[in-house]
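The two complexes that follow have subunit A in common; it is paired with subunit B in the first and with subunit C in the second.
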Partner chain A sequence: MQPDTAIEPQPAPAARALTCPSCGGSVALRAAGYTVHVACQYCSSILDVTDPQVKLVTAYNQHLAELEIPLGTRGVLRGVEWEAIGYLQRSEDGDYGWEEYLLFNPYHGYRWLVKVRGGWSMGEALTVTPDWLSYDQLVVNGENYTHFFADGEARVDYVLGEFYWRVAVGERVKTADWVRSGVMLSREENASEVSWTRNAWLAPAEMRKAFAIRPEAIWPPLPHQPSPWGAWLRTGAKIGALAFAFLLVFALFFGGTSWTAAGSFPVAADGREQSVTLGPIVLPHRYQSVHLRADVPQLENGWVDLDYSLVERKTQQVYEAYGAAERYSGTDFDGPWSEGSRKAEVSIASVPVGTYDLVVEYKANRWSGASGYAETAGWMDPAAAPVVQVEVRRGAVYGSNLLIALLLLAAPLGLALIWHLAFETARKSESDFAPSGEDDDE
Partner chain B sequence: MNNRTFVYGLWCLGVAGLFIMSTVYAWSPFAQGSRARTHGGFYGPTHK
Partner chain C sequence: MSLHLPCPNCGADVVFRSPALPNRVCDYCRSMLVRSDAGVAKVGEVAALPFDVSPVQIGMRGRADDNGFEVIGRVRWAWTDGAWNEWLLLFDDGANAWLGEAMGQFMLLREQPIGKVRTRALREIANGKDARPGTEFQLDQEKMVVADAREVVCVAAEGELPFTARSGWRLYSVDLRGRHGQCATLQRDDQEVTFYKGRYVTLAELAPRGLRAIEGWTLPSYAA
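Take a look at the complex of A and B:
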């Protein structure tokens, strides 16, 4: 009895060698069975390998390009090991050149590794056709793309290695591109077909890890290059908001006391310097701020100078502040006017624990328009019984400190936002659809 | 966590730390008054 013959799986494409009919060099086929055309690695002549008798398609004897990724190099990109088997140089009739490496993996097929102005992308041919969303928007696989480059024409300038189609120097296709952050959608059209390729941006670190490619400075940014600050801005904003929320809650716990009356004292009609001692003011915490607020209800066209001295009873240590309440009013050709305030507030920082007296040295003044001092008693008339009322409160958190903290927290985010906007402006200015005047090349 | 996030996190911690320190010492760069440095004599006794 004959044993059953097992059906053997199709062998994975193997490398094989052939001889270049142009220069006699040994040409390795890395994707034998799939490859249609191969460019000789020694003389760049293009060979048709679909026939067992290798045919010379185009004979070249040109200088070989020095490749950043020598053909045959393998590297792991996004979890798959790829081998570089083909290389193209393309341009728009000699301008705006770029390079394309054809990558191959027997289980995952082909990908393109595209280098434009030092930036790398990994291209995968789409098997579906994008749909129009609007006049400049496409959608495919749930991703929206915005039109970036209008109809152009790409020409093959140089070929090396092997390809799954009949490649030729001088081959031309019509091109157009759409982008979203991190991805470019490229359309290529020739007489017989239209193909779409999804080019995913590869970060410099990915290329360094996969193919030991040294990063290059890219400016202006490539059309689909993600802003280095865009993603971080969202994370940073969350961290900053969290930090500020913490400071707000902290500030609520250390807000301090409400205002309490410390004393009231009369204003002399002759405007002489007076002094009064108020207290005791007991400060219980290790350190606190002391806020003093003077109110002069009768004040009108005049001012009161106020010198405060907080004097600790035991140590006689003094904490000083100066304030002035001033209020003016009158009538001119625009009508009645007034400025200033009858209240004046000052604060004294970092006052240590203790029992204090508040010494207030004050001097009342009156003013009468452009003529300077008034002849009449004005608001200081004893009949009006003018007084200065002083209130006090203690605290710890200054609103100004909270504002400074907010500015410091926001400063890095603001800088990142400026850089992000500059990046995006430069990126969009490269588009064929940029508003007039943005593209410097035009 | 990338380097930027880490550095910004440290920055936020520093700012929060400075804010807490300023609160503990009840200090502000904009306070009008502070400890008298040039006062030569004694007021006392000043209490009534």
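Take a look at the complex of A and C:
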């Protein structure tokens, strides 16, 4: 056999032209082979194209609607190019009118572009039937929907362009709708057929990009319109929690200075009251907390009372705190035991700026209740050279500061939550079913 | 396995690829040819196919049910409210199936012997009773509903076919739909009843190669 030297086949033409038998205008057929009825773009007469001899179905000579998307316009929605080929105006017997554009792509079939009260959705006919989950819940392709509108009736009021069925002004179908966030599931029923359409909410930005549509204000929200605050709230709450956790960690670990040794002083064996003055301690901020930590490494079966006084050198203003370190141990029939701690920490809040002396008055005690050793020196034995070590740390961040930060973080979230709830309430108030308080997101 | 023969009408080379498909339309003179042991005979002429923008064409290849196929024939049917295409797929294992194309949606259907259908209501329809849209019944454990029932007429045909698709041939056709994308069609005329069962498919899931190029439209990414 000879190799095929035929030239590359030419692509098939995309449109077929026909002449309107009513007004003589040239009508382009954009979905030839599928289209059944065409409404002439000049006189709006309806033509039947199932026959090679185009037949006039209804002659009109009415004023043509100015379309936001002129038929023949193409736009890319969610990655696929679509051409607007048909246009319908429908209503509930004259009320609540809405518009529907029929979109076509020879490789992807048909979609609907539905405009209700300024909001747009893209509809796709389902080839599966939803299953009932409960009296007001449906599931299809793993998505749950809640009943929203019942017992509606849609009437065709105006037609332009081409359609794959015999479209007629006045044609009525029964309608009902179910919703989930971002999607509306619509059921249409006539005498011979039940059809289901999945309408996906299109954000104003998508419509602007695809068909240069100016965004419109929509209030109350459409049944399946996602709350603009919903996603914001979820992200905002996460960021807020993270920011607060960071602040908290920052305040705890980096809020002030680290512990610095203020001094180490001996414990008298006789247990008399002793006093020592440490300093100077310079406090640079207008107000800060001062944390004091005492450590008595040799402490065993006894306690140390600690009276701290922060004395400002110039004003002689005094800030006081009391602490005690106590530690006991022994052995009983359960084995060895111990309780208490050799360390004691206290804080003084809101100390003003200044240079301070830290006066520590302390008294060491021996526990006489500890089985017969009361007469010995115990931990206070001078041979062990017991000492008290004091450390100082300066705090910079206060609980009140954190609270202000928390309020600042929460304020926009609270505001968004209020708006979100108002949005959801307004959205649900349109439903034919009693609005319930619960959030139906997911 | 392919059998090349000259068209008895115009002499052009015509190909018969499967003994199960003894009918074909000559690509050049549009004669309807039938092959038998005695050779090829012309049994009529087929009307020219009206222009359409279907993305499918003879020679397109694809995959379904883990088997490659090639589109080798088409019948165009019409009814009072529209028209649609039935594309004949010849699978690599020799089986064939129909790819129904209506209103931008696709159905993959395989012929089933009507004798095996147990559903009484369906047998009654096969025996001449009219079907009522909306009627529900059980078919192989699946609930199916009659989506529509109507008189259809063969408009035109091309390529290889399992039957003689004469233009003007009238059939009574009943479409059934399941809840989860299943579908079935029963067709009958005075002589014969045929029954097809299958499911809705998307063009993308058939992984098509050699889709028809249509002026001004980019081929979808899955067909690149």
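The working rule: the second predicted complex is superposed on the first by the 282 of 442 C-alpha atoms of A that agree within 3 Å, B and C clash if a C-alpha of one lies under 4 Å from a C-alpha of the other, contacts with A are read in each partner's own complex, and residues count from 1 in each chain.
Convention: contacts are C-beta pairs under 8 Å (C-beta built on N, C-alpha and C of every residue); 3 or more make two chains touch, one makes a residue touch a chain.
All values derive from a computational prediction rather than experimental measurement.
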Partner contacting more residues of subunit A (subunit B vs subunit C): B
Touched partner set for A:Val346, first subunit B, second subunit C, both or neither: first
Which of subunit B and subunit C A:Arg16 touches, first, second, both or neither: second
Touched partner set for A:Leu247, first subunit B, second subunit C, both or neither: first
Which superposed partner A:Ala32 touches (first subunit B, second subunit C, both, neither): second
Partner chain in contact with A:Phe104 - subunit B first, subunit C second, else both or neither: second
Touched partner set for A:Ser258, first subunit B, second subunit C, both or neither: neither
First, second, both or neither for A:Gln53, with subunit B first and subunit C second: neither
Interface residues, subunit C side, partner subunit A - complex: 50-55, 78, 80-83, 85, 103-105, 133-134, 147-148, 177-181, 200, 203, 211-220, 223
Touching residues (chain side subunit A, partner subunit C) in the complex: 9, 11-14, 16, 30-34, 36, 50, 52, 80-81, 104-110, 125, 127-129, 131, 164-166, 192-193
Subunit B contact footprint on subunit A (complex, rising order): 232, 235-236, 239-240, 242-243, 246-247, 250-251, 254, 277, 279-280, 285-290, 308-311, 313, 316-323, 346-351, 357, 359, 395-398, 400-402, 404-405, 408-409, 412
Residue ranges of subunit B in contact with subunit A within the complex: 2, 4-5, 8-9, 11-13, 15-16, 18-20, 22-36, 39, 42-48
